[in-house]
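What follows is a set of structures for review.
Below, chain A partners chain B and then partners chain C, in two separate complexes.
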Partner chain A sequence: MTDTNAAPAPKNPSPAAPGFVVQLMQPGIGRLAVMTIVIFIAMAALSPEHFLTIGNASSMAFQFPEFAILSLAMMLAMLTGGIDLSIIGIADLSAIIAALILSHFAGANATGVEAGGAMALAIVVSLAIGCVAGMFNGIVIAYFGLPAILATLGSGLVFTGLGFAITGGSAVVGFPGVFAVIGNADLFGIPVPLIIFVSLAVAVWFLLERTAFGIKVQMLGTNPLATRFAGIDDAGVTIRTFTYSGGLAAVAGLIIMSRSNSAKADYGSGYLLLTILICVLGGINPYGGFGKVSGLILAVLSLQFLSSGFNMLQASNFFTQFLWGSLLLVVMAVNTIQFRRRAARSSSKAHV
Partner chain B sequence: MPKINYKSNEFLVFLVIVAFVIVATASYPGFFSIPTLFDLLRNGIVIGIFAIGVLLVLISGGIDVSFTAVAVFALFTTTLTVKQLGLDLPWPLVFLVSVLIGMGLGLINAVFIAGFRLPTLIVTLGTLSALRGFLLTFVGSQLISNVPPSMQQFSRLVIVRGTNAQGFFYSLPWAFAFLVGVVVLTWFLLTRTLLGRNIFAIGGSLESARRIGINVRLTQVFVYAYVGGLAGLAGIIHASMARVANPFDLVGLELSVIAATVLGGARLSGGYGTITGTLLGVILIVMVNNSLILLGIPSTWQSVVIGALILLGTGLPSYQAKRAARKAG
Partner chain C sequence: MRSGPRGGHFREQDVASHPLAETGNSFIRIEHVSKSFVGVNALTDVSFAIARGQAVNLVGENGSGKSTLIKILAGAETPDEGAITVDAEVHASLDPRQSVARGIQVIFQDFSLFPNLSVAENIAFSLELAEGRTLVRRRHMRATAERVLERIGVTIDLDIRVEKLSVADKQLVAIARALASEARLIIMDEPTTALTEREVRSLIAIIRRLKADGIAVLFVSHKLTEGLEVCEKVVVLRNGHLVADAPASEFDAGSLAYHMTGRRLAETAKPPLAKSSPAIMSVRGLSRAGVLREICFDLAHGEVLGIAGLLGSGRTELAKALFGLIEVDAGKLLVDGKRVPFGSVHTMIEAGIGYVPEDRLTEGLFLPQSISRNVTIGTIDSHAGRGGVLDRSGLRAQVSNWLARLNIATSDSEAAVQSLSGGNQQRVVLARWLAKRPKVLILNGPTVGVDVGSKTDIHAIIAELAASGLGIIVISDDIPEVLASCNRILVMKAGQIAEEIPGASIKETELARRLMS
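Presenting the complex of A and B:
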């Protein structure tokens, strides 16, 4: 008797994706750059006295790195053809552990070696937790054959839940002052979180574009079966990618924790949608294989311009939510229409 | 009597529920009682209706995360309109308005999914954000605690009520009949109509379904409109039972509902899922949410437990299938 109820065997998570969908997901960096500039000009025109100021530039540069880093984590998962719904859970859980270490070993009044030592320990431990959590996702996906969306849905609940269970749902506070540097200080006028984001973005770019591993990731996302038949250790690539993704999420968790001077199990819960939105807007194919760090950065900037601009016009956060959702739908629809028109034109030429 | 497949997800979930009941009863003998059962049924109404909708989408090969936003949009605009116009509509009409609004919003998903053929997860994430943002910006963000009289009247309608031997009060609201109705209707649709077979077919393989002449677009339009309608119904029932229309409600519940459906054996890759499994999944999730403390596990652990259940409940069958496939070579 065959077991008709067994979960699906691992396969391309997008059996239904026709070829043109894959192509239309790549709107091109050029058009994205134009869109970002148009949004910037529009926002500047709406309130030039507020938008075009050093103060605004600096506040934006402090705001976006945390979700930009989370988007990098999401991007890695998407490139393999998966998705990572657990990044927020990983960020919060690792930040909570870091917060407990900081408040236990140092406390709010600690300075000098005591504070520095506790901070180093907290950072190392939280990054390790992020990587292990990501590795766990990778193992479940690669060895148990669960689709990434299902594996990370489950593990995300576990990570968030552990954060709740450890803290009882309340915020962990009481860190030494020096920890605030990660999220709030600047170096020669450049915000520290921005420096962290730029270095990570460069690292991810290097990994994807300049290493053999990067090519394997993109091959895996394009055609998992062909990748396996090419003799590539697909399980290893998946596990390594999700490990990096978890590590990036932990960095974002530390920045959020430093900026809010506390850690809590439900911080950043609104960022999950945002990171998927940024990836899709940035031209990263949700079916895997294609995507550029430059596209992601442009998408991050355009969303930040939108939300800062409307914030200055006293619009509510909900209005920004509305805009983000609509933007996602409109951009994807426009890409499809253009692609179909182009496809129709080229096929009519072929008939002549 | 249908043959029971002892390896199925449904049976596994059933065993977990039985084990849960046994352990909970051992730690608190009052657990195994009519009031507990009715609590469970009452708490399962809204999640149950949502889950049936999610089941339909999963079978059709898609995923919908926007149904909570659709529900809260429908319940809030309906309540607000009825109140603002000062209409004294009977509750069936109020419900109908909410269902129609839900269907309309579901059609927005259908336009992008069936019309533009965009990936369902991305589209519904977009509509989730856009609908909720629109509701809270342009419709209202103030709680309506004074719902129309007909909705209050609905909340007082009960099928049975009574007091058990220990003196605990219990009741089952008429809202439960809606869940039963939705279950029967959807069961009929899925197993007794051509449309139902078409939904399974496009979930199994979109391209094959298209080539044998199934109208894929029309089927998808139906699925998303139906799910939207169910969301509208679940929303207005939720508001009526709570006697309050809260625009911040429900959103955030979507992953739990999908978890319940997936636990019950529906596959995210489409083409497979049963109503029995979905209802068992809902029962398990509601029990974990309400009664975890009786197993000696603090309630702060509930999402850990649900997450672990998803990983084990879907990971083990998947692992077995993978091993079986390797052995078969």
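Presenting the complex of A and C:
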């Protein structure tokens, strides 16, 4: 009897057995991968002589890591069912502090131990500032019960404001040459920022899929009430997640700083909405609980292909943004329609 | 309304004239109806009839085909074979408009009301639409609502917004709406699920009034007792087949359960434990302003203690206080002889207390997440090695072990837990707690929304756990459940323990009376 207690097993209700192509069109990673490949082929077809070059590949690989890392920070916050609007503020503030340390202790002409020591100190301090700022967000959300969107909107303004107050709004410059390695050098032909991003992406993937903490983050994002009833320290999980998010933002801040050889309180302000777009496009559920690093990477790549491709066609930046927005709308619409159909199917089955 | 504000009388006369004209004739007959969905037979050759003014109890476990049958009657599904005869008129199938025009009204579990509209608007809305009105006529709507509520002998503030009503009142509004649309057969899908005992009594009184008014009622349920007393006839579905169709007087809870599940479910009351068993948990003077007053009790090793009380008696607050979910003003708690402070879930779990919450769907489960994650989330830290890295094979072993031990029917432990039936979902929550090896397990409404077969299984699991030395508290207003599973019963009223009753010393009706008095 107990066998029949289970709701009808998800026997595939579609008449045809789903082939490989159909499976790829299912919502999720497969479809995203197809979309990314299609965009790549389209861009390559539009201007093969520019797009399919080592130079282009290399320039793309230098461009996207900074906002890809910011997207990882956004993703962590979104998995808890929240959002982190303060990542840009954190990135800039921590970079400004790093810049001040570098210019104060080393300066533009420093080399050797002096430069290396100052750089190590700058990196450690800026990462610590990022983590502390993120932890502050987590505490406000977990203990004062503020919705993440409000807490981080406010704290983001505070961090940006601190950055302006410290610098007076001007760029901090004058770093030792060795600092440029972070954003501009390559290792065996692979750009350093790309290496940093890949390592962090692997770390985040590992955290989410292979550690107890990662599972707790996803459970918290799925149903915070049940998390409490299951005896999970929901406040601790929230604080730790936002701490990591802040730390990732600080790394992105260092890369931006190294690439532009300066730090300023309003760098990267255009990246905030882009990171949200990447997360949603990459299948991170904005209501929390579900999302994969692989989806996020595919979303980053498709947007980068689009913008590089159209850049080569001399299209305006605004046209690229227009395309990004359209892509998001189309993907969301397709996902929603599929989701509704599946919901309708499963509910009609559940009531048998 | 055709006959204006006095339409109610028109209806009564209309109905009263019929039974004489068609003596013994049924209002609606379902004849050899079959329906399958992609290879699964939901209904196979089902036939039965409902007479005017007759209440029929349609019972069956989840998945037995009840809902499909309701949908066919409502015109939402087309049968593959068979016919539906309404007023001697044969239909191969109904569409929703025909169904409503023939007087068939379904009250679904969620009532499908408009929470932001008033009572009067909700009652009169579908009638106004059916009459093709384009403008709102408040006074006319109020008159309709008043008249209909009077027919079932109920007073509800007509201007209050429906979202502010209790579940029982919402149900009354849904019944009134069905009446406003000239219902002749009201199908109630699981009408008692969210009601307290007292509200069930008044629902039954209303069904009596409807019957006297010539309106037939199809009472769909998987709770066994309520239907029997108000219905003339019982129809039992099992796996899409009609397995019984007989006068209600020929059934009792036991035989009904047999027909529904196809097996004998002997549930006998449990005697109290021997006096010598040591206490595993002691509560003294537990108070919280306005909800709990001076609660004192002991729970012995291996004992199942029932806490019976109506909604609002403080039973859920007591459970939450014992699990550290709410603060208390005063009180002392000893677990295994050690003093445990109130107010922190973490401390309570450390002390060995587990809590299976009342509302499985919102408080107990992570619905879209996998079964395995739902089972392991409580003990996930014990599977984390150095650096928090999960021992995945250990986790898988734990999952398959618990799925087997609690007999959870699933082919894929990575499927979302929401794909399971209510009974299996509840077992998933149980498995999560049992994996933590608690000393005391508090079960709040352990079988709400669970079908009979699974219910007995869960009671058997409770008995087995108690036998292994766990102290178990069962909080419930399901009287047969409390009687069948508890060694001792505490009756809660107004935040106090009103009475202590040893198990197997009291009859169902007597316990129900004491709960409500």
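As a working rule, the second predicted complex is superposed on the first by the 314 of 352 C-alpha atoms of A that agree within 3 Å, B and C clash if a C-alpha of one lies under 4 Å from a C-alpha of the other, contacts with A are read in each partner's own complex, and residues count from 1 in each chain.
Everything that follows uses one rule, which is that a residue touches a chain if its C-beta (ideal position, glycine included) is under 8 Å from a C-beta of that chain, and two chains touch if they have at least 3 such contacts.
Since we're looking at a predicted model, the values are computed, not measured.
Enquirer: Just checking: does A:F213 make contact with chain B only, chain C only, both, or neither of them? Give me first, second, both or neither.
Expert: Second partner only.
Enquirer: Determine, for the superposed model, which of the two partners chain B and chain C contacts more residues of chain A.
Expert: B
Enquirer: After lining up the shared chain so the two structures overlap, which partner does A:G116 touch, if you call chain B first and chain C second: first, second, both or neither?
Expert: In the superposition, A:G116 contacts neither chain B nor chain C.
Enquirer: Please work out whether A:G174 is in contact with chain B alone, chain C alone, both, or neither, and reply first, second, both or neither.
Expert: Touch status of A:G174: no partner.
Enquirer: With both complexes superposed on chain A, which partner does A:L157 reach: first (chain B), second (chain C), both or neither?
Expert: The answer is first: A:L157 touches chain B but not chain C.
Enquirer: Looking at A:G107, would you say it contacts chain B, chain C, both, or neither? Reply first, second, both or neither.
Expert: A:G107 contacts neither chain B nor chain C.
Enquirer: Does any part of chain A touch chain B in one structure and chain C in the other, and if so which residues?
Expert: Touching chain B and chain C on chain A: residues 3-11, 13.
Enquirer: Under the definition above, what is the set of chain B residues touching chain A in their complex?
Expert: 5, 7-10, 61, 63, 112, 116-119, 121-123, 125-137, 141, 205-207, 252, 255, 258-259, 262, 265, 267-270, 272, 298, 300-311, 314-322, 324-325
Enquirer: For the complex, which residues does chain A have touching chain B?
Expert: 3-11, 13-18, 21, 83, 85, 140, 143-147, 149-151, 153-162, 164-165, 168-169, 269, 273, 276-277, 280, 286-287, 315-316, 318-326, 328-329, 332-333, 336-337
Enquirer: Okay, in this complex, where on chain C does chain A touch?
Expert: Touching chain A: residues 37-40, 42, 61-63, 65, 67-68, 71, 239, 261-263, 325, 345-346, 349, 355, 357, 362-369, 373, 376-378, 380-381, 383-384, 387-390, 392, 407, 409-411, 415, 419-421, 423-424, 432, 436, 451, 453-454, 457 of chain C.
Enquirer: Which stretch or stretches of chain A touch chain C in the complex?
Expert: Result: residues 1-11, 13, 210-213, 215-216, 218-219, 222-223, 225-233, 289-290, 346, 348-349, 351-352 of chain A touch chain C.
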